[in-house]
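All chains are identified by letter, namely A, B, C, D, E, F, G and H, in their written order; residue positions are counted from 1 within each chain.
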């Protein structure tokens, strides 16, 4: 059974490649989707497509129009969401994507370091499973196929 | 027309009282609900009711069971959500509450300082209105009654 | 049985007062809600609350944030929508409100002159009832109480 | 990932072919659906299938039965809606289709000229993205595949 | 706890009065709603409000616009549906109202004579309870208050 | 685009074969599903599988358990419902299936002879299209592919 | 804020009275609803209303028609469900009511003794809060009003 | 038409293999999914993936996080649920899965021995069909393909 997994979270390092690589090694029949991972492109896409905006507020709003469009299309196609939180950045996008997935009844795994237990406690509690590493998240999905 | 407003956001200062006071001064027929605002009680409610937990992870999970229960009961009764973000704290709860409200089709106002435009851009874009001050949020609600 | 009626349509003349007056004369237990009917206020509310915007596009977008917020709050409280179309103006707001109401399963009456039969044919077909006059719309609602 | 796109809007010129051609040039894996684009057939389909109707009102209502049937079947199969507004015609069908898509949680792009900013402001505000040209709309969809 | 009951079924005799009278005698806190019970008014309401129609088909369609409007408004307010079938008439309206209520998750009681067991078997099977007399239907509702 | 069509209606003659044959001749990419068309099997399936029942009421209820199970599985897979009414039989099943489809937002075509205009008027009014012949129903579906 | 609480669970002792009494002592503005607590009446209500049934299977099915009708009416009115499990009885009704409430997005508290941790683990995990005593369940609800 | 069937119920014997084998013999185009059937793995999966837990309560809760994740993913893919109850074990999981399926509008068959008629009466009443043997359950599904 082929499943589609949305990978929500920061776009500053290569964690999605790690998820994809490790899933492939386990032979899991998964298709991965997610946000734009080129950070500059993600920030600039509003101006790239719609033209120059008056200032940062409007530039950001134009970019988020298109980023949210992408997320909505792809999340509606997804069977599972993995939402990864790290030590850096505000990561409200990640909290938004995880919360939206939960509200849409899409099974959701949160990956977060030990240090974030307290501030994430209510969101962790609403998600299906909270783990600390990418390996654990893949094991949880792998369990579906046992 | 009496409306119920859920006030999502941090519980470290008195901002909810300010909202309530200013709404009262304008004579708006609003009922306000929200999370537990006693910070210690919010953190300890799991152990207070369920007894001592093995460590911080479990203490936090027990508390969030009960905090999420409260939020779900009250948000389902709400016609409007105001979600306030400030400069401090992780505030993933606030992002979770705002995202859940939006997914539930509850009209949502975000209040955030200028400095948070960029990290909140996708969530602001999904909310109905984003403002910078409590006064502006109240003006938006007041507009319903004009 | 008290019912709430959302009055969608242009805000350039007094048609809502006529609806309210005639309903009152018939003793119908109806509460009426609707958009901001002060046209300048409706156009300027974004700048009034959020401050000056860079140009007309942004001024309009700021106003529509708040107008849509108002409509969403009030339409969710409504049992019936009357959507009135006239000979003037684009009236895409009216088409949007009627279509949204129909998608939300709120019974909807369209009022339109004879001259608009053709361009409104698909929307009329999806609404519950299409009439030509306000008096007829009130008769349709009055029929619930017979 | 193959996606289906509903192309809502007027049927007086060849804009849909342009969308399809340009998407093909970019190699996007899209399937396009939309309304009947033969204008006479669209207007006459009620009488074509159901027989002669008493007058224009009934002819139009018979046609819209069948046009709405087609739209409902195809929109339920669609992942994305592009709604194009131009300078001519009432285009309430387009507003209806865009509003219905938004209410059904289908990501929606509006294409409209500069001149229509003001009358479309509330609908633009509810859509995911508003652009001015077909090329921009395709760029927005193309962004999903980056 | 005050409950609202929609009384679906034929409008050729006084069965609704019997339901109301017997419920009153038992002191049940029920509000009853239902279709127009003046048969001529129900058949003519389209022409009464919208004016003369070209022939019977259009007269019937105009009336059903308004009858369906009434039913939709009132059924959305109802906590329970009683659908009564008798030996006479086609009663497809009654089957439609009961099926719609079941699809809307409104608890539904069917009242039908012994002679209709076979043709109603699938609908009875989907309803919550099927009884043979009005007294039994009232006993079922009365049981909620024990 | 392959579509699935549920054929609701009586099972006393071969009308489904006619629909399938004529659709095939037109080259329409349709999959047809529907109820059990062997009348004896449909009536007896409860006892066939569950064993002898105490009397006709229980025999019918056992059969309808399984007939409704079949219908629910297949209708959830369907993009379109055709509901055919004829001069004979009670046909409450057909009214139930059409009403359920409409409540599930599945586009629905009713086929009925002229003689049934009046008793079917409210259901026809809620369906997308009402026609008099199987040929017309196929033309309506065929129109999707033009 | 007045809230309605459905009390799911066995009907062999007085635990509901204890909940009501203790809530009253705390001054909580709660309305309690629940199943028929007269065990004989609950088992016999099918035959009481519908007449003698062929054997125990049919007697039970007739009773459950009416018990499920009652539960559906009352649970749709409820803001909170408390589901109490004890050491005795199969209690599949209780599991059914709790699971249905959770699927309906009604906040749910499970009360169960220590000895039932293992067999209830998946259901506890889906509920909002699991406690061991009635006092704890009331404290959880009381927390909403702090 | 390929259908997916979720097999809910105890994991102490080989009943799922029997269902699969017998379906295969009948040539039914079914895909079967279900919970983890290795009992130790099911109980230990929480600790297997998340590490040692403080005591049995937390071990069970960790396991159920992951078991519920699996069930939610697979049930959303299912067209039919078979829920088998036997004489042993609490089987609240089975009641939970059947109730959740019914609330999600997934057609559900209950298999239970004669001895469980009474305690399962309300759940049987809400399911589509209740049978006593696996052979009967397969016959019910087989009937869809006749």
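Note that a contact is a pair of C-beta atoms (placed from the backbone, for glycine too) under 8 Å apart; a residue touches a chain by one contact, two chains touch by 3 or more.
Since the model is a prediction, treat every value here as computed from it, not as a measurement.
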Interface of copies chain B and chain C: same or different residues on the two sides (over or under half shared)? different
Interface copy of D-F among E-F, B-C or B-H, with over half of contact pairs matching by residue number, is B-C
The distance between the C-alpha centres of chain C and chain F, rounded to whole Å, is 38
So, in whole Å, the Cα centroid of chain A is separated from that of chain B by 23
Contacts with two or more other chains occur in chain B at residues 65, 68
So the complete set of touching chain pairs is A-B, A-C, A-D, A-H, B-C, B-G, B-H, C-D, C-E, D-E, D-F, E-F, E-G, F-G, F-H, G-H
Listed in rising order, the residues of chain H that touch chain F in the complex are 1, 3, 79-80, 105, 107, 109, 128-131, 136, 139-140, 143-144, 146
Residue set of chain B touching chain G in the complex reads 31, 33, 36, 38, 41, 45, 48-50, 65-66, 68-70, 72-74, 76-77
Seen from chain H, its contact residues with chain G in the complex are 56-57, 60-61, 63-65, 67-68, 71, 85, 89-93, 95-96, 98-100, 102-104, 116-126
Per the touch rule, the chain E residues reaching chain D in their complex are 54-55, 58
